[in-house]
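Before I ask anything, here is the structure I am working with.
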């Protein structure tokens, strides 16, 4: 019952051994159209992936130094590298693989000034920023299919935009009214230890952080296109998952049923969007390990406000899964290739 | 360095052995003005508390049947009983102890019709509903000091009202604009097992529930007095703690500093309110096991919206602690008597 | 890079919608040799699996009544049913599908009297008990390949036996000396809510339970064949995973290196056993969602005792995964077919 | 109902702002015989404790530099400092306060060579090692009452020794037979972030670590006095709590009832030891935040082995609480002074 298509065999590289990079490896090693997979790491080169992650202890996956990129022909290069590092790698390697899919924030802003304000680092060259295609897969432009550079969206923006874009694109979201209250698991902070991700500090704790100043708030604003967004992320004591609860004022009164129909129409045929019937709501555990986004919605009794909730696995649909989805779309493969694994539940 | 005051010695009863009732026992057994403590339980009568909770296995605390209420003179009777049960107990025992503090929802609504809509159960007699004093301690009316019946607020309303009432009372919150996005630990659901509180379902999961239809939403609306409130509670994988993130539109533009001054003034001298300096935000772990409410706030850049965050321990400030605080206020004791225990951290 | 083999297409049925049954569905829906998959449930018949588990909300997987077993030709029938129920189903359906793989304890004891002592329920007919093949896959007898009935091992016995059998089979484990100290996630208790699995009771808690009287202790003893075993299971606050720490006295002194060589030899070529080099130890997260068993070991300085640690995912190698592995072995398929999914980490 | 005794008022200092030091502050601020409390920190001097821990944000507790120790007369000085640092502080300040209670490992070994082997650091001067009194409170020698230096036991040794010493002291534990399988929460690792305590790595994970080479194994061996001990600690995903499951061979056959009587006699009158009736077992949550140790036990059917389980809060009975208990014993105060707070449950 597995999916298989004839003929396409991609040569793929992944740079980075953080959670995002390793999640890419998990997905790509069972992808039916990946023929070669090469891993690269600056800090861990020379080791095998199994020395970095016990989960991979049986695997024969050497981590090559970055210079080895010189030697191999690649169709796709995924960069699961920190911002700054991605900028340098893209600047150097753009055009060599058919496409680079970058998971950092370096190419998400067409306007380098916005980037520099939020990332406090020099932006990438303007020509690259303009060339990059923002890979929110369900709303990706036709250019994705021939892109040399894909900016994979942030985890919060993926959930927030999938929750609100149907309203915004229909002109139904009052500008400036959007509130995005997000709850995230800790893996979104990566694998580098810090007090903020120290078990004893995070466990049995919920806390807001970077209120109004999180980089992803700017990214949401730019791509939602409906004025300022009040973005408040919260850290919750779990490893994976993001739940976004988005609130917005409607330009004209709508019922919950109206909302449902709008979303149903918008996401018709999109294999990873699971739209929930009115009265049911998404939860992160139901998408754990999968590329699904579960969306639930409700309007206030007077029809003037909408609440839209979206749940994703931050490392899959919010990072590596969507990156693979973008690769599939880029090469004309079935959108779900390599992404058919079911959620792990419980 | 412990606190002690001369002269008052109260005879106290507690009905109920759920998490709220047991938390009352924890607080009352170290309360300097409690001379006698009697526990009552319908379902567990005849046992000792140590047979119901391993944490109390050393304690000599018999659980008496409800009829035993007949035999003892009490100054205070706490009801940590389900709604419905509280209504019956109050109806029967009102006036016998000097004051009954009820932790259920039975006496929180002056308007029985609202109660009946949300609790789907007959309301208490109108005279009792009108007599009951709503014990949100920081905003309690003078009548509290001679009340025969105190309705202890719900856990979510405690956090939400402490977050928003300063704005609402000052006429600065635009009616109908309030959004309360709440995140709660699982102990708020009590000790009765259910699929919704089953470990394997809750762990590694965040989910909204009872969106717009939670009873506490109605309670918040009634006591906030600023029109409809959009209340969305979420269950997060921790045992104790509520974090409320409240959003509201301001009637006139305010800066974060303006907000801070308003709250500082409102809560001046209130021992359990810890107002955080702009740029810092509350977290549930910092109040764990204590009666504190930590409040942080911020205004949007244009000064038109405020976000106020409040963190409490749902079983303490959200239930048993506030009940003890109400007892203290009722009898003219120091407000902090029996409530000086520090948060348990980490 | 996915695995595919030509020619075999199995018709498979699964009875039961608990965690074990649903995990079977997760594995079987991506199994390359499963052509048909039919689900059966007594309590949930008429619904779809997506109504029982939000994780499956997109799936078209109807739950058929048990009587529907009459109508379909099946090659394999998995019973993820409670003990007692399995006995009845096997008694009725044995011989109709080519093989029944039962995940309950009903057919694990050849001696019905042992079963009855520990399960307090009548044992299955003796002929069936004698016919059943105990499916500890790495040690399965040749008869497995033609079995009509496979008794899939319990989760604790799987981990404990894989940890200790190499020693016991080599005659190196002193009879009566084995101690199995096991730590399990909560999903092993199934999906039925109880106080023992209530989030607020389990979270931030470690506790031993059923000390010396757990059914799996008897199962370990029978199949280890090295005298009485002191089995102490502990519940830890996580969903998936079992870690067994097994202690035993050695008949003759051995070094850690000796142990390592013995285990390396015993498990040579077994695809799911990952033997760790001396000085490294298994952890449950490294096998999460996978069929791996990770084994680490050490001898005491005097060579007289061994400690062997084994980590599995209780729902995969400890239940559904091993059941699929048994199906693969039964039909001569590659042992890893349908089980190549990587651990979900973190 | 709080406890109070007349007349003694101690001047107390605490060095260190890790979890242990802060837990000391929590206990000492409500201790009825502490008149003055001064906090010292090398790294955080100049701040207030509320800047280091949000839980203390309301408190007026300045952190003084170590030199300030010069200026104040203290009766007791607690050192919640890393090993090495404690050695230096004791060497410098011994004799100035009436007693120093050191929570590090620096003075737990009378034999400096053992210390140096396990701590890989020079041992303290021999005279100090010989002067130090090992403060396992329930077994403390008479010298404790006039000690100038108390070595507070490690968290694992506290639980393991309380579990096994009654047997060992009675000569009933076969030398060399003891196995200590311990499960600990993460707070035992302190507040310094590391990959091993990173939330995403620890959550949903159980893993053994430092098998046979943990420093606390040596400490257990020395004070148990029954030959080599096989000590295997495990990290479990919770913040507080240690559960020790200790196995040992009995010199002569005993029943569970015999064991119970032995322990009952040994611990008669000890206020923090809660001995559980046969058939019930300890759990960490039942002691959370308290100084209790809960002990359960069972003998094998043949009476040749015993299993004794002990649960403590590692930061209380395993560190700060026992340190306060030692202070109480040192000054002839009631053993429970300042330690009457009930467990926080759930």
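Read from first to last, the chains carry the letters A, B, C and D; within each, the first residue is number 1.
Just so we're on the same page, contacts are C-beta pairs under 8 Å (C-beta built on N, C-alpha and C of every residue); 3 or more make two chains touch, one makes a residue touch a chain.
Protein identities per chain, from UniProt: A, B, C, D = N-acetyl-gamma-glutamyl-phosphate reductase.
Just so it is clear, the model here is predicted, and its values are computed rather than measured.
Across the assembly, the mean Cα position most removed from that of subunit D is the one of A. Between A-D and A-B, more contacting C-beta pairs join the chains of A-B. Spacing of subunit A relative to subunit C, judged by their CA centroids, is 35 angstrom.
Subunit B has its Cα centroid 39 Å from the Cα centroid of subunit A. Separating the CA-averaged centres of subunit A and subunit D is a span of 46 Å.
Touching of two or more other chains is recorded for residues 19, 185, 187, 191, 200-201, 203-204, 237-240, 282-283, 285, 288, 346 of subunit B. The touch graph of these protein chains is complete, with an edge between every pair of chains.
Contacts from subunit B toward subunit D in the complex involve residues 1-2, 4, 19, 22, 26, 28-32, 34-35, 37, 53-58, 187, 191, 203-204, 239-240, 274, 276, 282-283, 285-290, 292, 294, 340-346. Those residues of subunit C lying in contact with subunit B across their complex are 19, 185-187, 189, 191, 193-195, 197-204, 237-239.
The touching residues of subunit B, when paired with subunit A in their complex, are 179, 181, 183, 185, 200-201, 203-209, 211-212, 228, 230, 232, 234, 236-241, 243, 245, 247, 281-285, 288, 296, 298, 300-302, 305, 307, 309, 311, 346.
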